[in-house]
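Presented below is the structure to which this report refers.
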């Protein structure tokens, strides 16, 4: 297994960056769910380059064609397959890849794994472009979740050392999905744009952190030990290229606090039991506690940079230098925001449907 | 599914803290592997309370009984079942749990999940005690990995704000498995002991971070997208109670650096291609690159603290206070070190055997 | 994976015939279900040798010990582990097995699979004895199914050429679970006993067919294509040693009839739509149609026979002869009836819980 | 899960009979395997209507488009997606289906399962047309198996009461894949054609049995208990619409013989240990024994018949009659032969790759 994920709702991603097409099969969706493909398209657009500062000039034109699983606008309950044709694929740009593996990419590991048979063009199946069908799957999942009162939102938590206002762990954050720089603080948006622009001019790149919050997820879902909410969400998030860390609630800062400072204590309200704080990020013992689910994941700087880099030449088997031409994102974090939302939505719909 | 994990090597954990017994089934092990149960027992002991400062006084006496899967000292290839009887289970200690849910525990979420039918004694199936059979499974996996030249080591990266010397990402770290405080820096060990003692006297607890490194794992294993090495390891690590964050290589710090600083560039040596640095932590595109695999995971402070805490009374349905009696770890991080090693070993053996 | 089965309710079998113990982990059971272990024991007894004519003299004394997953008599919802200790294991009986592989057994294939490391005593993990924990798991599943109005019954359809009265595919069959020879026709029971006795005296064995019917399974469960009811039931039934064929409804006879004779046509009743016949055995398009689920599975004659048989000697690597000593079932079909019921019950509970 | 199958090689089928397209994703294929798409097309043609007597006039034109997973003619090792566009879809033919459920079809069960939201046109996802992408997947698998010396062949074992010469269980059967009626006996082919023609004129249909044999599959593959070769093959075969029975080796006839007649006894040859007979059909204890794998599966008569049939009218909720117009196969068995080969090939490649 490789590119499949899920227990009850299984998604299967396929495609190579410069092949005929990429796509996703979603198996196990509930039937009778209205899916607004235009809304899904809007979600997709947030991920596409061009929508964001610091994006590549390649026009993906990710128009999704649904081959199955939707009838009269509703899910049939049988597998939904969505395909995105690859149109603008200038393979020439990537012709040197086979000889000069790009540092920080999966060029060398892909060759090791597939013994030289994998498609090297544009990263092939390793390409960040594979997040397009994942984002579509998430856009479908989000519509179903919303109908059950569950909202998934994400924003840029940080780019480099520039931090947005963090989400309040106790309440629904402002929606910043329509901003080209999806942050809460307009002031930081400006600084982030400048930083990205600086890096672009410098033919370099920068990493960042995406924060995601989910409101309305019912208490009592998930399971202890391995099939818990955190394991499930982490396993899908680490499936997004460039993610190097995932944390829930207070995350790594939890290591520095005391139990008396960290335990979320329950109290009685007219609507039932609530918690005074949300340091756990909505999950205790692997099971949702009814508080907002809060998580962050770290993205490394995109390895595609224009600066000359040391590498090896696989023909001459000697040291060499590579310069990656074409325009590339100097920061993928803005585009990663809808991808994180999508991945989290797929995971939570799976957990919800599993019951 | 809940307490099962793995693709090729499947482990299935069972048991409740105060039930008749706990254990693990390991299915899919290679056959003919010599397993030294005494060595496994030594690994188990590192996890048991009493071996470590800051541990509870409860003597688990985790003597493992292997019911199947080992014949003449070797794995048969058919399922290995190991059982640990629960002996010293003073259920009375936990009698109030059903009425006064402990903050930071899974008492409330467990009730929500299982509608009041789960075993509440000592956390039941949610108990940290379930890491004992996981640790045994890891001890078995480590012996098989070692025979293939793969070494898994972990240490305390930090407790509170006290940090041990971090692992050098490029080379095999010193073995500190025989120290009661498994750290590289003896000086920091002393300070950590003092901190833990202070917290114990204060009836409080503290969190920490465990760092783990794997040497000798071959390049070219794992897969892109969802079934990658990072997803697999993260999903098993988040199955350890109290883990709130997992990161690889540079982890969250990756967000603050430039691509030109972060890309690990290849160069030619007489033994083949090597990388100049290991910021990726041994995994690129989800696939091992032959460098040491490096990761860290954050543990929250144990929620079992002696201080009085706010909670609700489920009988009177009003606010109340709970004091957790008995002795509890004021810091589980030292004991968590062999558990992290075990979980990582199980994950890597699964990936290795899957090929 | 090997000895695990299930989507939502996962069972994991472990153990060797002459090892320390055998057992099962059931993961994913609904919580709060009363389980009467005495009733489960009665179901187990129907499988045990001695209860039936033609059985071996070995007293298994399959007393099941539940280690986890039941609290106050009810399922906790967390994994249930049940262990059966192996007590009367005269390994000496089987000492020649390693040298003289028994025809019709898994001795040679087991050696090929596990390269000589598997436990050869009594068939090891391949032993029919592994159906004991499966039968226990089914006995648990049957109690949960019954509470939902679902009854699983089986009988001996045939032994050799002796046939019992077949089930009427349209209605609940008589319960013959308390008969030592579980058939509907008392006359045929006598003849079957005689046949079995003749074969025992002849140091030979005979095969047979078990028929199973399920009443009350709701319409609309299961799925099209691979995860359909027939695939799921067949996959668990072929997990019972000696099963060589599985068929539903009319089964192989369906090949000889016309569509106009075979289609089950719907008609309207006051209670809703019903079907005039049940040639499909309750499953159409992989999904239950509300009619009784009807199936049969064929058991080969037990390969353990007392007659001298040709084989090879693995020490001398030349042709040789083997005589299997000890008493063995000359017909396992009577004992197989509760095992088939158990396997079908586990499969249907899994499908039911999956929704 | 629903339309996915496999452990190591996972296939995911999608599509509806009259939707935009149908297809398959194959995940986990070995990399670097040359795939001759023309040969795959030839295999597909054997399944397509028109190639066979008794076939529908609908021209499917199943031209397969590979979107991913093949690069420079070889498998990449990453997911292979193949799509078949639906071209000639006269939905009008099926417009009454929603009101007059066809006996023997999944119309009623599909409505129950998906609460009326599934695509009813032409059977939707339940359509036999979904065997087209399965057949393609099998054609790919067969090419990889052949390169490892493994040959999969099938023929019509019987149609109605007309039987072809059965395969000799000990040796490679004649290849009859290029015959429009894939049987060994030319005389029976003529009679089968006549029978099918008679039934067509009679607006009725007839069932049959397909027999499949595999030569060259190595000994020692598969596993005991649930994940055995028979369970795996049976579970995929029951995924083919209209299959109602699966048997291995002697199959149901095993019930009528004695152990001394049925046990396959080993003897020594210069090439190693061989078996004198192959009653087990190549599988003992769930594991291959090196003999040919032999199996049969029963197909019910296609439920689509032209004769008027009783049904219910879902609008008036009263009894009614349905006549299925259009031309339909009066016998699907000839077309089922390459589908059975395909399903068996997919299953065996999965087992082989799993190791």
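Lettered A, B, C and D in written order, each chain numbered from 1.
Rule of thumb we're sticking to: a contact is a pair of C-beta atoms (placed from the backbone, for glycine too) under 8 Å apart; a residue touches a chain by one contact, two chains touch by 3 or more.
Computed from a predicted structure; not experimentally measured.
Most remote chain with respect to chain C, judged by CA-atom centres, is A.
Between A-C and A-D, more C-beta contact pairs join the chains of A-D. Although chain A and chain B carry the same sequence, what matters here is overlap: shared residue numbers make up over half of all numbers found at their interface. Taking each chain's centre as the mean of its C-alpha atoms, chain A lies 39 Å from chain D. Our note on geometry: chain A versus chain B, Cα centroid distance of 26 Å, whole angstroms.
Each chain gets one centre point, the mean of its Cα atoms, and the points for chain A and chain C are 46 Å apart.
Shown for chain B are the residues that touch two or more other chains, namely 1-4, 7-8, 13, 78, 113, 125, 224. For chain D in complex with chain A, the residues that touch the partner chain are 1-4, 7-8, 10, 12-16, 19-23, 25, 27-28, 31-32, 65-69, 71, 74-81, 83, 113-119, 124-125. Chain B meets chain A in the complex at residues 1-5, 7, 13, 101, 103-106, 108-110, 112-113, 125-126, 130, 158-161, 199, 204-209, 219-228, 230-232, 234-236, 238-239, 241, 243-252, 254-268, 273, 276, 279-281, 283-290, 298-305, 307, 309-312, 317-319.
Interface residues of chain D, counted against chain B in their complex, comprise 7-8, 78, 224, 354-355.
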